[in-house]
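One chain, chain A, appears in both complexes that follow, with chain B as partner in the first and chain C in the second.
This part shows the complex of A and B:
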């Protein structure tokens, strides 16, 4: 058994998911399920964290390591994914009960979707990339459609499903071509085949671009972002929280593994050749479009969806920089992912806290004056949006700082991309600060329904944990950056 | 027949699927188009496995594609049924509830 210790967070989640299905069949009170689910996810995160900081993790049998990497980056993403999923589950436990549509399958879907995301984040074979991606996506489609009597939720699920399957088919075709070009499905074999010049270069680059299209879709980068605003708005808010942290983290991880791990060869993939220019273009239009479109929104939920597109752009800047500065840029992306996860949970969690039965808070108008009536409920919201904006001393500041300084170190055109990124973040200030303006400086319209915050310890605990880490990553970043560097060191080939 | 013939067949199938997905307005037809694209991937995998006879990775991959395509269809059809129950239509042009 000790041979499987490196993948124990995955095994733990499978056991938890199966047990919760059984518990659900006999449980009378479903609120316990939220606690059990969140506890299993936090335990998995803790186990992954202990393993990540330990000395010896690379003792898995070849049967496992052929398909799933057992390395510090995999464990790092286990921590991020499980923590994000666990906090979303706590919030969901309160939300689903408050709004009266709690059913046991929700928690099972959360666990198995998180499992798929962790598989995807560790995948080092085209086959496990495909299986991880589909395990995660199928769960996410079902979670979006979870409120199956709501026209908005089902429409969001239809759009997400059709576009998601289309992108998965493109990714799969790219995988098949890559297999044909190199004769290997494992990323290591592909890397060696490409380095030896044995692969057909035209077919390889064509296949790689199809892979990038499929993965950029999951990351939510423009122009493959069409599903993001609709799916994020239509889904129940805890599901949106879950998707925005878990699905994005896994897609970023596999993008790093494919682009840096398999195609990171300096001689063929520099700033002007290979995949780097493509990623730079995706990053630029995501940052600009995401920020500009977010300004136009009247719904806070939809604004946060567009902001997550902009954040995908910042992350892609870091990935593009990694073709030049390797480890530092990858560690910056990992740090950014951790910061983004906690900030996003904080912002979405506060939005959920602002609503109660019959009256969810979704638009700016719903938030008018809420900060003055309920300052304690508005406080985490302020920290969350400031961190997403990237203001010190929050986690978001150091996330952006590391990513942009990696871009500056990469030199050449990347310096200008970093400047553009900073300018795009300044645009972001408009709509993030608008939340604070509405919370504290506006009064609700005459006879408009007034949002009353819900009373729930689950949400309070989730917000305190997320807020603690947002502040801690922002005030003492060096320790976490060291961990990210240790995690990134393993993937650079 | 060389491997080029199989690749041409697969590309045509993939193209028909992609075009069907983009052009048709009925969600059920779009779902079928996606299935066609997945099957064209299987043709590519099997053809390339003949070109790389050292192992059976391509055939193995194709089995997984078939299994996952079935799972995807289950989720997809259930979402479409839930959608149809509410909207009484599967036309994509009518899916206009979510926009700004």
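This part shows the complex of A and C:
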């Protein structure tokens, strides 16, 4: 048993998922399922955290390590994914019950999707990448379609599923080409083959680009973002929360592993050669387009969807910077991911808190005057959007600072990308502040239905935890920085 | 406590803000009294800073604790001749502004007090921080409470004004952040470790091009805050929409942060660019003086008039600052305090009349001197201070800033353009008299033209209590400026010397390198080379 300690968070989740299926068959009161699910996710996060801080983490049989990395970065993403999923589950527990469509399978899906995401985040073989991706994606499709009485949810799920299948097919095609070019499916072997110059360069580049397309789709980077606004809007809000943190984190992790782990060679990584310019272009258009499109939205949910596209852009800036400054940039991306996860949970959770049965808060107009009527409920929302905007002293600020600082360190054109990035994030001020404007500075229209905040300890606890970490990562980042650096150190060969 | 007094200065508003949150909403009197009391405690604490020795060049009450060690970010605070009076200005005007607000702010007073305390924390932090990162954090921290104060408690178009204020400020400050990152990363490449400590970073000499770019980014952030023409357009909107207390703080303290940023960060870090672009900025300052004065003249809204007068006054300050001699910089520093006092007082007085008549239009008044004699007296005194009548504080500051420009014929300074600058700026002084006296004429003299105005009650004791300390300060600085100047002069002297050393060192460099400036300065001083600039200033004076 001790041989598997390095992947114990994964095993824990499988056990929890299976148990919850059984409990669901016999349980009467389903709200407790939310608690059980969240608790198992938090335990998995805690185990991963303890392992990450421990000295020896590489205990796993070769059969496992050939497919799944047992390293600190894997554990770091375990923590992020499990924490994000656990908080989303807590929110879901309140939301589903309030709006009256709670069923046990929701929680099972959440657990197995998170499991898929963790597999993906650790994948070091083209096969396990595809397996992890599909496990995660299928769960995510089902979660989007979960509110099956809603036409929008079904439409969103179909769209997501069709586009997602294409992306997965492209990724698979790229994997096949890569195998053809290098004769390896494991990233290490691919790396050695590329470094030795044994791989056909044209074929390798083609294959790599296909992998990037497949993963950029999951990250939600422009121009592969088409599904994001619709899926985010159509899905039930806790599912949106879940997708925006878990799916993105896993995709970012595997992007780092592929680009920097397998293609971190001089010939394939450099500011003017290899994949770096491609990532820079994706980053720039994601930042600009995501921020601009978010302005035009009247639905807060859709705004947050576009904002998550913009955040994908900032993350890609960090990944592009990694081609020059390595560990520094990777740790910046990891830190950003953690900060983004808590900030996003805080923003989405607050949005859910603002509505209750009969009237969900979705658009800006639903928030009008809510801050005046319920200041305590609006407070976390303010912190959440300020953190997403990147204002000190929140986690979002420190994350952004770290990523842009990596870009400036990378030097050359990356300095100007950083300038462009901060200018794009100024656009963010407009739409994030709009939330505060509506909460505190507007009054609802005459005879418009008023959204009343829901009463649920689940959401309150989730918001307190997320808010605590948003402030902690912003004000006392030292400890987490060390963890991010330690996690990033393993990836750079 | 003596050694950590600066931390206490930051802790008092922070803790008070949290305590306010715990107050029950219905206990309005309690919230009002407690918040003002906390700010008064703060004022008393800050007065301790005045009674320290500022004859040396360094910082007093320095506190230095590592914050994020791996990035070299530290919690470093200190106070010197530049920040001393600005800190006291902040702690003195915050309670005044909040106290005055309690007359007109009646909704969500708990949140108002919370925002105000947070704002005070941000402003003080920005004045005290000696670490670029810490400075940036406080700089941005001020943004949200001010945004809320304008946006929640402001006038009709408050949302537009608040968002405009926020976005303008943020554009500048984010570009400044990139420049900060560039400086820090250049430092790291040479020294092998990160630091945001201003003193360590000022050992870095950058070549010309990066200096120009970084200085521009810093200057943009600070110029927007000042606000310097043509980045001033957010100011009239913000002032008109903000509640009285917000306007007072905005004019009296927030604008000073722009100038302070130039002195503390932009000019010492990028001397070559600062010397090259300084005259340009000063030129824009002159445009601001004339444009602001002229625009103020045609305003019908009293608050807009004062807002444009701020643009005009800040022009003098920019001018004195970039004159790069002791007279000019001391004048600019003193004029910052003066502007804080007189414009703060003007906004308070406008608030008084607005609370009575709910209008600020000049046309709605006339003959108020008969109805409100005491109010008129206060308004006149402050007007005289604003236009710089001898005997008031405004005269000393403006005179010194202009004299600095006049003497600024040295290579470091305005060089050959000193004459045209002095000429244009002096003309601006006349304009200032025109618009203020014009407003006074329309409001106070002549017959009472509107019936509603005949029964207006005169300024009451609460309002008097708020304005009176400012009137005292007007005469104190006006009649005995030595007390204030003595504290800042050593800092100004060493600033000019340091700037000269850094400037010539920067001119000599073609790639980034590290220089031990203290050592270099000591060497040049021993060789007698530093006396050169002072001598040429003396010659010019003769």
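Going forward, the second predicted complex is superposed on the first by the 491 of 493 C-alpha atoms of A that agree within 3 Å, B and C clash if a C-alpha of one lies under 4 Å from a C-alpha of the other, contacts with A are read in each partner's own complex, and residues count from 1 in each chain.
Simple rule for what comes next: contacts are C-beta pairs under 8 Å (C-beta built on N, C-alpha and C of every residue); 3 or more make two chains touch, one makes a residue touch a chain.
The model shown is predicted, which means the values in this text are computed figures rather than measured ones.
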Once chain A of both complexes is superposed, is A:408 in touch with chain B (first), chain C (second), both, or neither? second
Quick one: is A:297 in contact with chain B, with chain C, with both, or with neither? Answer first, second, both or neither. first
For A:8, using the defined touch cut-off, is the partner it touches chain B, chain C, both, or neither? Pick first, second, both or neither. neither
Counting residues of chain A touched by each partner, does chain B or chain C come out ahead? B
Is A:419 in contact with chain B, with chain C, with both, or with neither (first, second, both, neither)? second
Contacts for A:430 in the overlay, against chain B (first) and chain C (second): which applies, first, second, both or neither? second
Return the residues of chain A at which the contacts from chain B and from chain C coincide. none
Taking the touch rule as given, give the residues of chain A at its contact with chain C in the complex, in rising order. 372, 375, 386, 391-393, 397, 401, 404-405, 408-409, 411, 415, 418-419, 422-423, 425-426, 429-430, 433, 436-437, 440-442, 477-478, 481-482, 485
Flag every residue of chain A that touches chain B in the complex, lowest number first. 126-127, 130-131, 134, 138, 141-142, 145, 148-149, 151-152, 154-159, 161-162, 165-166, 168-170, 172-173, 175-177, 179-180, 183-185, 229-230, 233-234, 296-299, 302
Once bound in the complex, which stretches of chain B touch chain A? 7, 14, 17-18, 21, 27, 30-31, 34, 37-38, 40-41, 44-45, 47-48, 51-52, 54, 57-58, 60-61, 64-65, 68, 71-72, 75-76, 78-80, 82-83, 86-87, 95, 97-100
Residue numbers on chain C that touch chain A, as the complex places them: 67-71, 108, 111, 136-137, 140-141, 143-144, 147-148, 151-152, 158-159, 162-163, 166-167, 170-171, 174-175, 177-178, 181-182, 184-185, 188
